[in-house]
């Protein structure tokens, strides 16, 4: 099931994942994933994260326990070299760990890096994301499902959109598209890219009965947007249980003196 | 969106945030916020905390990951200097971190410090606080919403009120006012101050679809009141799910022999 | 509100709370309480724990943040000296911390130590305990409420009763009495002792809208019984939400060959 | 209640549980169990874990606080010696801790090791597992209950079956049999072995109102399958609360270009 790949011999370019700096991507991916594990986002090897620094992309391998990952487990590939490859599924890794397989999420992370110039992309299997997609199933037949919520302060945690400055406001409606899940995760790429085209300002795409992909210009923005979104998904599920609507009409309030 | 501010050059007054004492405000704010992050109170840079020691006010900056904050990130301002400023939005910082913006919560924290002589003020985006305000929406039309609960032991976790001694009792009704949320957090200040005037004994104000502000005479009281309140908000949501009323009529029990 | 007490001058008998042994009661109470705080049992200074070793009783003070407690904060009293006191509310402490007040839970802990020869008693404000008492309110009018559950494996986590050997079985019905809450925690003592008399085999007593007291012959048993009970309370609330009864009639199954 | 056992004198073969390698079974069982405690899987001494390396089986003792276990607490037995024993209940331990009793789970762990050549077996009392068995009770009268769920991505976390390669797919139906609980845990063995015979490809068996046994070819697989299953149990309970069915009919989607 893993895509074909070619790479350097074991030990080659190991310096790419060796650094004393805790903010180096090879150190940051393991520490972020350990944190995400405690949040229930990457249970049982599900989910993952990838960081891009300029041309270099750092990716966690397939099938590892995310809270136990080590810098030496990280794959590194060149975005430019990848772009020149005729076969987008034939990836050339600058550095590979000795005993793992590349993540099936790789082309989805690359879509965020190439189409949105993201600096980080996070994939979670959070229960709340999955439950939101399940609740949306009950609200209509079509494939073109969207999660929509407005008038919640945490919506301010999202940027207004690709190449736009500033964040969404309290009264704005956050819209997250939902794509169909496919039998093979790589096959999601096409749907993810379509969603990016149709929703050019979104920083996240839900995958039906699967989870969510969230990205940002850098690690800080990807992580805080992913946290804010998970917060909203959980809130939305709790609201549904209490029979509260996700979309409401609230008149903005103007302070009198200011 | 950030308010205008002027401050000293970078590096000036850095000693105000440098201490080996873990209870120094510049150390305590980061460690408290890291703890609050694990409680889901300051997800995705939301929420925050501020401590006042005599004239000096220590505040976390805007937009940081709260569990990663460092003492060097903290702003310091003088309450007296701030009070003399003609324009309450033009704040003079004694010490500023090099690469952040001041928190939009600043005037709200200052309101607690000046109007209630609080020593610490905490702002959370806790799901439970937001859900309580959502549930209150369904219970009536007016803007003058209050969260009311009685006959729960944890109510004893609150002081009886500003400049009063002792705490609330088991049979007392805890009343927390709810204010409207505004597009810009600074604009909440007016509503918060109004609520303080109308509810002089409250130590907390809920913000609709946003979260809660909780204060106390010192860090200990602000934190334990904030924990007790979050406990009560969660209990209130669970009670609503189970169809149990927040207010009941219970006859006090007198022990026979004592 | 704190009971009158007399004690030695500050610093006297400090050796009673100084030990390098992590299992010494003065070290164990803080480490247990820090763990209980993460479980939501002792939020906002609520709840507490006490350990008895022979004649000496170690108790956490009133009003401290339970996850921050230190060995130096612990009170120590002599059970024998206490028993000889004519006024049971006038407690003589062998060792007192310099700046705290004794816990209002003290006479309740003492009841477990004297009437049941317990080695440890834990008091939690767990949401699940409070919710169980709230759910029981809806099931009948009288004061004589009991939590009853059977046919759940975790019931095996409880001893069969005071001075009895062995534990409850899977098919046994666990019965936990509920006592009325009083305005002052000390006044609960009378009700707790009555419940101990009426339910001689119970290791726990629920307090309406307040929490639970759980004890055991030693720290290990008190803690694991308290954990098992909190597990059952949470399960019971979830069962109620899903409309599943707490008591069922299940025929024991006999394996064929053994 | 504990089965008869004979073993070496205290101190004999202690080298079997002494290693500096954190991945040695005697070190791994305590660190895994501490992690499981934080997940609510082994509350109040419930649940446990066992690891097999070739002929040697390492097992946690009965009745310990699982987050406090130490390598010195671990039992070791020989699978070959055990197989030769005429009386399967008379176990010969190569190494025994000085002051504990063997776990009643022992014959259940051995069933996974002998019938499935598992390298690790985990037993949890997770609320979600228990609630799933309770929900299944309401769906029919017979004893032959199964938990069935399909079209959820996390299903990919399971191997296709004993001696089969590859994992289940997104559209596959995961089937976990439920066995009756017995008064004595050892007596479950017969039912567990029957379920293994009837469901040769399962890696887990639910025990009614008790919990779940999950195994795998090695520690990695047992742990990640156990996590994935707990994730699905929790999701299933949340789905039931929201009135969403566990089994649905979804047409596989074929990407257009690939």
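First chain written, first letter: the chains are A, B, C and D, and each begins at residue 1.
Definition applied: a residue touches a chain if its C-beta (ideal position, glycine included) is under 8 Å from a C-beta of that chain, and two chains touch if they have at least 3 such contacts.
The UniProt protein names, listed by chain, are A, B, C, D = Methylthioribulose-1-phosphate dehydratase.
Just so we're clear, the structure is a prediction, and the values are computed from it rather than from any experiment.
J.: On C-alpha atoms alone, could you tell me the rotation angle mapping chain A onto chain B? Nearest 5 degrees is fine.
T.: It works out to 90 degrees.
J.: What's the call on chain C versus chain D, same or different interface residues, using the half cut on shared numbers?
T.: Both copies, chain C as well as chain D, present different residues to each other, with under half of the numbers appearing on both sides.
J.: Please report how many Å separate the Cα centroid of chain C from that of chain D, as a whole number.
T.: Chain C and chain D have C-alpha centres separated by 32 Å.
J.: Please tell me the distance, in whole Å, between the geometric centres of chain B and chain D computed from their C-alpha atoms.
T.: Roughly 45 Å separates the two chain centres.
J.: Can you pull out the residues of chain B that are in contact with at least two other chains?
T.: Where chain B meets two or more other chains at a single residue, that happens at 241.
J.: By the document's touch definition, which label belongs to this structure's chain graph: line, ring, star, complete, or other?
T.: ring
J.: Tell me, which pairs of chains are in touch?
T.: A-B, A-D, B-C, C-D
J.: Give every residue of chain A touching chain D within the complex, in rising order.
T.: 1, 40, 43-46, 65, 125, 127, 130-131, 134-135, 137-138, 180-183, 187, 190-191, 207, 209-211, 237, 240-241
J.: Give every residue of chain D touching chain A within the complex, in rising order.
T.: Within the complex, chain D contacts chain A at residues 151-154, 157, 166, 169-171, 220, 223-228, 230-231, 234-235, 238-239, 241-242, 244, 252-253, 255-258.
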